[in-house]
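Heads up, the next two complexes both have chain A, just with different partners, chain B and then chain C.
And now, the complex of A and B:
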């Protein structure tokens, strides 16, 4: 076999192969069963255990459109979980670039639940069930200041409404009324909460991160400083599945839909690495 | 004086930041809140202006000197200027004084965000998959036993991070979790400790006035 051709393979063939293995499973959806990583299950259980009469779920985000594919399904899954359990939700953005994405997520999930609602009490009402606090720079300021007063650092919400006029922010004064902060990130924002807010105010912290950043968070899961994480798109898909199974929801699950593509892409990567190694050793032996 | 005043301010603020953690006095808490919620935000605003000004000056310089790919600098400057004008005068969704709609074509800042920033950002990031595949094919070689061990653990983690791994064997995600929780955590902790000690040493050097390169003195 002529391994020289493989050793100097034009990278455009690799690009083409990668494009095909990503696109085809999206066009031809497949139902793939998967297990649940312990860190995802831990996060789900912590959110699920929030006493909704006393505490809210806080979703904090610093991701940008670059990682929307991985991070956005995490926000959607968390919102579905909270709304299905009727846990009040506070949302804030640590970076301005991702702020409109949170608005889109909140509106999407609110519309999903309200389409099924049969009464006003059953509906998701902005101000009562969820408040989008908006963006306050720099990140360390809201992270620390929310321990003293959420309304103090967010006098108005994302839409310009005074937070002292909203029912939810009237009783959620500080981290004492927050069951867990789940920071969805393309960087390391869950660790900022662990470093600054948790030692001082004792708030529980969870995370949702891109797969490439996941190794940074495992040490903190081990110590219990992070209550759990969604690691990459697989973590998001696992959380989607947990929510859908527990609450019998049939809404679209984008991370789950992408799992077939991701599986195929990973297999292709492995096949390419094996071929690359065989070609390398075959041609090296001949050259030497 | 140009060096002594900033250095004195840094030493005072640094010592306060250090001592504040051990002072439960309400006055210290109030002063810390003032520093954090007011002064830090003012400094951040100036840093933003400085950063943007520096970026624009750098690209203006590139155009002036006709440096390599100087045309790209025009794209940045025009993109920056147009987006700023539309954002400042056109309102968030086109409700401002500047008209942001021509016929059915709308170009307010929300449209720019949804129609340009999100797809461009996602496209840039998705290119990683292609370049990583190409780079892995060319560079990921099991030349030594250590490289082979790295390759093997990479394969297990890659399989464990997708449902296919679970379908092959439910043990694969468990091994992945073990790799992440034990060897990865051990290595990460070592790195984190090293970084933290380095940060602490640098902090002490700056606080003691030994490290002054941040003042522009070159020392």
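And now, the complex of A and C:
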């Protein structure tokens, strides 16, 4: 076999192959059976256990449009979980470029629930059930300041409304009224909460991270500093499934839909690694 | 198939192709997409920063304090940093403005003040936070304790075994990165074991990286096939 051809294969063929492997499962949807990782289940259980009469869920985010495909389904799944359980939600952005994505996610999930609502009490009302606090730089300042006063660091919300005029932010004074902060990130913001807010204020912290950063977070799950994480798109798909199964929701699950393409791409990657290694050793032996 | 009629979706699709054209080779369309992104992101961030932060946090409280002073005279509460109208916000504002002295020949040294304050603040906050929030808890988590073998304390046989493996991994990896002594004898065994743990960590990290990059590609493909071309429902 002519392994030299493989060793010097134009990488553009590999890009083309990868594109096909991703596109075909999107065009021809397939059901992929998947388990739930312990860290995802732990996060779900912690959010589910929030006493909605005393505490809110805080979703903090620092992802940007570049990682929307991975992080956005996490926000959607968390909001669905919170709204289905009627847990009040506070949202803040730690990175300016991602701020409009949170607005989009909040409006989308609010519309989904309000389309099914039968009364005012049953609806998701902005200011009562959710508040988007907006963005305050630099990240460390709101992370620390929210331990003393959420309204102090966010005098106005994302839409310019004074937070002291909103029902939810009138009773959520600081981290004492936050059941867990779930930081959705393309970087390492859950660890900022773990290092700065948790030792000082004792707030529980969870995370939703891009897969590339996931290995950094597992040690913190083992020590209990992180209550759980969603690791990449797979973690988002698992959380989507947990929420959909528990609350019998039939809304679109973007991360779950992508799992067939994800699996196919991984198989291709493994095949390419094996072929690449065989080609490497075969051509090296011949040269020596 | 139902092509999108939204102009922004078409612009998004065009820019996606601009960026992906780099996979074929570097070209002016890719450069256009790249520079446009950087420009738009910076412009948007600046506008957002002014409208959502500088204006409500600094301009409005200071302007309101000036207005109250002009109408009702100077009051003590106008110097309360938590009040919606106060003069104190001008102090960090002026310190921040010193960053612009970089552009004034002969006065550029003044930029050291905001940089010094910034670095001092962050160092003061970060050092104890890293020790208290990361280093000590992680060291504690690496310890093998009887509780990790005790089912009543949330542990068990396998939990204890994994705790031992973690401890060995930590010690072996630290030995590998210990360069003050030549890796001979026991340290050689430790360092070689450390390489195994490091390689396993790299492998896991690479696997996750593949998942991350594929996820982003899937996101774009779904956008093109669903939002733009309307092929996928």
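Everything that follows uses one rule, which is that the second predicted complex is superposed on the first by the 288 of 288 C-alpha atoms of A that agree within 3 Å, B and C clash if a C-alpha of one lies under 4 Å from a C-alpha of the other, contacts with A are read in each partner's own complex, and residues count from 1 in each chain.
Quick note on the criterion: a contact is a pair of C-beta atoms (placed from the backbone, for glycine too) under 8 Å apart; a residue touches a chain by one contact, two chains touch by 3 or more.
Because the structure is predicted, anything quoted here is derived from the model rather than measured.
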{"item": "Contacts of A:34 with chain B and chain C, given as first, second, both or neither", "value": "first"}
{"item": "Touching partner for A:18 - first (chain B), second (chain C), both, neither", "value": "both"}
{"item": "Which superposed partner A:9 touches (first chain B, second chain C, both, neither)", "value": "first"}
{"item": "Chain B versus chain C as contact partner of A:145, first or second or both or neither", "value": "first"}
{"item": "Contacts of A:277 with chain B and chain C, given as first, second, both or neither", "value": "first"}
{"item": "Contacts of A:171 with chain B and chain C, given as first, second, both or neither", "value": "neither"}
{"item": "Partner chain(s) touched by A:247 [first = chain B, second = chain C, both, neither]", "value": "neither"}
{"item": "Touching partner for A:267 - first (chain B), second (chain C), both, neither", "value": "first"}
{"item": "Overlap of the chain B and chain C footprints on chain A, listed as residue numbers", "value": "15, 18-19, 22, 66-69, 97, 137, 140, 144, 211, 214-215, 219, 222, 231-232, 234, 262, 265-266, 269"}
{"item": "In the complex with chain A, residue positions of chain C that touch it", "value": "23-24, 41, 44-45, 48-49, 52-53, 56-57, 82, 84, 122, 125-126, 129-130, 132-134, 137-138, 140-141, 166, 201, 204-205, 208-222, 225, 231-232"}
{"item": "Chain B residues within the chain A interface of the complex", "value": "33, 36-37, 40-41, 44, 110, 113-114, 117-122, 124-126, 129-130, 132-134, 136-138, 140-142, 151, 155, 158-159, 161-164, 166-167, 170, 173, 177, 180-181, 184-185, 188-189, 192"}
{"item": "Complex contact set, residues of chain A against chain B", "value": "9, 11, 14-15, 17-19, 22, 32-35, 37-39, 64-69, 97, 100-101, 137-138, 140-141, 144-145, 148, 153, 211, 214-216, 218-219, 221-222, 231-232, 234, 237, 259-260, 262-263, 265-270, 272-273, 275-277, 280"}
{"item": "Chain C contact footprint on chain A (complex, rising order)", "value": "12, 15, 18-19, 22-23, 26-27, 66-70, 96-97, 99, 134-137, 140, 144, 149, 152, 155-156, 158, 160, 191, 194-196, 198-199, 210-215, 219-220, 222-223, 225, 231-234, 254, 257-258, 261-262, 265-266, 269"}
